[in-house]
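Below, chain A partners chain B and then partners chain C, in two separate complexes.
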Partner chain A sequence: MTASIIQGISDRRYYILGIMLILAGWQALAWASHPLIVASPGSTFGSIFEMLTSGELTKNLLITLQRQLTGLALGVLTGTVLGIFGGLRKSLDSMFQPGINAILATPSVIFVVIAMVWFGQGSTQVIFVTALLVMPIMYLNSAKGIQSIDSNLLQMVQVYRVPNRIKVLKVYLPGLLYGFMAGFSLSVASSLRITIMAELLGAQNGIGNAIFIARGYLETSKLFAWALLLVLMVMLIEAIVFNPLQRFISRWQE
Partner chain B sequence: MVYMEHINKSFGTLKVIEDFSYTFNQGEFVCICGPSGIGKTTILQLIAGLQQPDAGMVQCASRNIGYVFQEPRLIPWCNVVENIEMGLFHIIPEDPPERRRRAAEMARRVGLDGFQDYYPAQLSGGMKQRVSLARAFAVEPDILLLDEPFSSLNIELRDAMCNYLQQLLALKPCTSVMVTHTLEDAVRLADRLLYLRDRPCRIALEYTWDRPSGQRDMSYIYQQMQAISEKIDLNCDGGRET
Partner chain C sequence: MRREIKQLLAALMIMVMAVGLSGCAQKTAQQTTPKLPELKIAASQGAGSYPLAPLVENNSLQSIADKTTIESWVTSEQLSAMVTSNQVHFIMAPVTNAIMLHNKGADVKLANVAVWGMLYILSADDSVTSLADLKGKQVAVTGGSSGYHGTVFRHILIKNNIDPDKDLTILNMDMAESSSKLATGEIKLALSNEPNSSVAIANSAKGNVTVKRAIDLQAEWGKATGSSARIPQAGLIVVGANAKNTALVNEVLKQFDTNAKWINENPAAAGPVVEKYFPKMRASAVQQSLPFARLEPVSSPQCKEEVNAFLAEYLKTAPPASIGGKMPDDSFYYSGN
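For the complex of A and B:
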C-alpha cells in the first residue's frame, strides 16, 4: 500500500516533469522562430484569456460541443447496436464488415466533402460525418466485446438454466461493457477531431471555423490557443469521466 | 437415474462414441477413467444436455443438475455469493433474499465464510473450485457431474476438496458421475469405476468395491489402485469385466 502510494507520487512527479519539458521545448522553439510560425506559451495563454473575455471561446466551444455530442451519441448508438448483432451472429458480422472497412479505409475528408454536397454547410453536415466515423469504432469494439465473452461461461449458464434476463444482465452486458468502454474512449477523442475537421471545411461557426479564420488572418497564437484548449478538453474528459468509470468497472480485477 | 441408450456421437469425421449404452443408478457415485480424448467429458456433456447425441437417447430422471467443471468457470465480475447464486435463479426465481441466503449458506459450507464479497480474481485456485462446488450443490442436484474437478489442485487441496465433496454428498445424496485421471480419487469416492478405452470408446473395465466409500483407509485405497491397474493392463484387449 505504502509502496504503491510512493510509486504514485513518483509517477505524478515524472508526469509533471514531462509537461515542464514540453513547455520548455515549446518556449525554446518560439524563441528560435518567428511569432507567426510558432506562438510562445505566453502569447498562447494570452490569446486564451482574450477569447475567454470576448466570449468567442464560450460561443464556439458550445456550438462545437453540441455538434460533437450529437454526432457522438448517434454514432455510439448505431455502432453499438450493430456491434451487438454482429457480435452475436457471425453471418451478420460478415455482412457488416465490407461497409465498416469501406468507412475506415476512406480518408475522412472525402466524407466531409460528400456531406457538404448532400447537406450544405452547417451543423447537419458536421453531425453526419462525426456519427458516420464514430460508428465503425463502436461497431468493432462492441462486436469484439460480445465475441470475447468466454464460451465456458455460456456453457455454465446453460447447464444451470439461467434465465435469459439474468444471462443478459450478468454475462452479455458486462462482457459488452469492456469493448464498449474501449470503443467509447477512442470515440470521444476521435469525434472531437472529426467535428473540428468538418467545421473547418464546411461550417460558418464552431471551433473548426474559428481555427480556419485564425489561419486566414495569421493569428498563430489563436491557433495554438485552440490546439491547447482541445488537448486540455480531452484530458479533462479522461480525468472526470473515464478514469473513475474505468476504476468502477475494473474493481473486480484487483 | 441416468439412462444412455445406443448413443452415437461424432465430431466431424471423428467417431467418439458409438452404440454406447449405460445406466447410472440412482444415488450411485460413478467414476469414469480412461486416456485423454477418449470421450469422457463428452459423456458428461451429453448427460448435461450441452451436447446432443447424433443417435440414441439420454434420459435423466431429473433435470436438476449440478456441474463442477474442470476449471471453476466463475463470472469474474460477480462475487462469491453472486456466482453461487447463478445456479439458483431458475429454482428460486421470485425471492432474491432467499436466493442470497442460500448462496451465502453454501459458501459457508465450503469454508468460504468471510469471503462472500470476494471476486474470483481475489481467490486462490482451491477457493475458486470450492465456489464451483458450492454452486453445484446450491441447486440441490439430483444429478451431479464432475469433470476432473481436482486436476488443477495440489495434493493437500485435493484432499480438502474430496472431504468437502463427501460432506456435501452426505447432506444431499445424488447420482454422481465424475471424470478423473486419478485412480486414487476414484477409489476414494466412487461406488463404481468405468474404464474407457479405444475409439469409438467402449467400457473396458467396470469395477466395484466391497467396502463403502466412507470405510476405505489409505492402505485399502492403494491396494485397490494396484488391483485396478493390473486389471486395466490385462483388459487392454479383452472385453468388459465386472
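For the complex of A and C:
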C-alpha cells in the first residue's frame, strides 16, 4: 500500500501539500485538546530527538528489527515453500487451506497469549508469532502466483518439450515471483505491526515494551513519537528494500 | 494550483481557529454551584474505593450534592480522559498516577492518601519466607517492572542487595491472571494488593492450593529505608476547579473518613455494601482484606511531608518518568484554602 504512495508521486508539490495538511490538522487537534490526549507535532519531534540522544531509540529499534526480520524470514521461507507445493498440486493446496484459514481467522492477540504460555515472555514468543502470522500471507500469494500461470503457456511448454531448467526459470519462477512480491510487500508492513503487538504484551524490551511503558507513564508525546517512527520505518523499508527489489525483478522478467 | 493551495490553507486556518475557540469556550463554562445536582467520583478496584460504597449507600454527601454516583475506571487512558474533560469531581487512584497527571499539566490535586500500602508477595511455595528466598524465582507483578508495584518492589530488592534484573525474573501479569495461575499452580509467586490477595487466597483454597501472604512489602520498605512501614499507595484526587470549592472538598474528605472508619470497625457489614457498588470486589474478600489494607485516610496537608519523604527515597532507584518526571510541587497537595 505504502509502495504505491512512494512510487506514485506524480506531482511532488501535491505530495508535500498532503504532508502539510496532516501536520496542520494534527497541530489543530493538539491545540483543541489537552497534551495528555494529543501530543503536538513539536513535542513529538522533541521526544524523537530526546530518545535519539539518550540511545533509547536505537537500542529498542535494533532489538525489534532483529525480531521482526527473524520472524519475517522464517514466515516468508515456510510460507513460500508451502505455497510452491500448494501452487503445483491442487490436492496439497486443499489440504493446507483449513490450517491457513484458521490462522488468518484467529485474532492475532490470541496467538500472542498462547505463545506466552508456551515460550514465556521474550524474543522466542515474538519471533514465533511474527513467523506464524506472516506464513499464511506468503502461502496464499505464492500459491496463487503459480496457479495463475497461463495454462496455454504450460501446454505449449509441454508440447515443445522445453528443458526443465528453462521451464522453471522462464515459466514457474516469474509466476511465483509475481505472487511472492505481492505477499512480501504485505508481509513487511504487517510483520512490524505484529512484532510490536507481541512485544507490547509479552517482552521486557523492544519498541513494543517502550510503548507499554510510555503508555503507563502517560508519556503521550513518546507514544506519538513511536507511531510516527513506525510509519517512517515502513516507508523506509519499502524505499530501500522493496522498491529496488521489485525494479530488479521486473527488469529481469522482461 | 497556487490558488488552490491558498484556498485550502485559508479553509484550514478557519478550521483551526474554530476548533481552538470552541476549546476555550468549554474551559470557561465551568463554575461552582452552591449545591451540586450530582457529584461524580471515579474509582477502580482496590481497598481505597471501599469507603465510597457506604458513602453512596447512605448518601453521606447530601448536604453538598443531591446524589453521589460512582464511575469506574480501569486503564490510565480512561483516567486521563476523565481528568482532561472534567467528567468527574473526584477520582480514587494510585498516588503515582495522580502525580503523573499533575506533572503532565492536568489540573488535579491530591486530597488525601487513603491506603498506606497493601502490597504482599503471595506464595504457593512454603519455602519462601524472606526476600532472599526469591532469588532464582519468577514473581508475577502487575505492570511488570515499570508499574508502581514493580518500581516499589525493585527498590526494596535493590536495598537488600538483590539485583531485580539478574537474581530473579519479574513477569508482567495483571492481578486477575496471576490470581488464577496461583490457584492452578502455573505460577508460585505473585505481588498483589487488596482485595486481590484475599481473592487469590480463597480461590486457591478451593483447588487445594495453599497460598499465603509470605512477605509484607510495607514492613520490608520500613526495614530497608529506615522509615515507617507505610507506602502511600492510593488516594482521592480532586479534579479541576473543584479544588477551589473548599466547602465541597472538606465535606467529601470528612465523609470519606467517617465511612472508612465504619468499614474498618464493621468488616462483616462492609463486605456486602462494597460488593453492591463494586460487583468484582466480593463481600468475603473485602471482609478478609481489611487487616491488610491499611485503610487509614490522611488529608493532604497532613500527609504531604510523609509522601514527599517517600518519593525522595523512591526516586533513588525508580525512573523519574514513573511519577511524570519530577517531584510534585506544592500545588499538587490540596491545602484547604
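FYI, the second predicted complex is superposed on the first by the 240 of 254 C-alpha atoms of A that agree within 3 Å, B and C clash if a C-alpha of one lies under 4 Å from a C-alpha of the other, contacts with A are read in each partner's own complex, and residues count from 1 in each chain.
Assume a residue touches a chain if its C-beta (ideal position, glycine included) is under 8 Å from a C-beta of that chain, and two chains touch if they have at least 3 such contacts.
This structure is a prediction, so every number in the text was calculated from the model and none was measured.
> Could you check whether chain B and chain C clash or fit when both are placed on chain A?
Here chain B and chain C can both sit on chain A without a clash.
> Taking the superposition as given, does A:160 touch the first partner, chain B, the second, chain C, both, or neither?
The first partner, chain B, only.
> Contacts for A:45 in the overlay, against chain B (first) and chain C (second): which applies, first, second, both or neither?
In the superposed model, A:45 contacts neither chain B nor chain C.
> Is A:26 touching the first partner chain B, the second partner chain C, both, or neither of them?
Neither partner.
> Angle at the Cα centre of chain A spanned by the Cα centres of chain C and chain B: state it in steps of 10 degrees.
About 160 degrees between chain B and chain C, seen from chain A.
> Looking at A:121 after the superposition, I want to know if it touches chain B, chain C, both of them or none. Which is it: first, second, both, neither?
second
> Under the stated touch criterion, which partner chain does A:242 make contact with: chain B (first), chain C (second), both, or neither?
In the superposition, A:242 touches no partner, neither chain B nor chain C.
> Tell me which partner A:170 touches in the superposition: chain B (first), chain C (second), both or neither.
Touch status of A:170: first partner only.
> Based on the superposed arrangement, let me know which partner A:85 touches: chain B (first), chain C (second), both, or neither?
Neither partner.
> How many Å separate the nearest C-alpha atoms of chain B and chain C in the overlaid structures?
35 Å.
> Once the two structures are superposed, pull the chain A residues common to the chain B and chain C interfaces.
Shared contact residues on chain A: none.
> Which residues of chain A touch chain C in their complex?
13, 17, 21, 24-25, 27-29, 31-37, 121, 202, 204, 212-213, 215-220
> Going by the contact rule at the top, pick out the chain B residues touching chain A in the complex.
Where chain B meets chain A, its residues are 48-50, 63, 65, 67, 69, 71, 73, 75-79, 82, 86-87, 89-90, 93, 119-122, 135, 139.
> With touch defined as at the start, can you tell me which chain A residues reach chain B in the complex?
150, 152-153, 155-163, 166, 170-171, 174, 249, 251-254
> What residues on chain C touch chain A, complex-wise?
1, 5, 8-9, 12, 15-16, 19-20, 22-23, 76-77, 80-81, 83-84, 97, 100-101, 104-106, 143-147, 171-172, 321-322, 324
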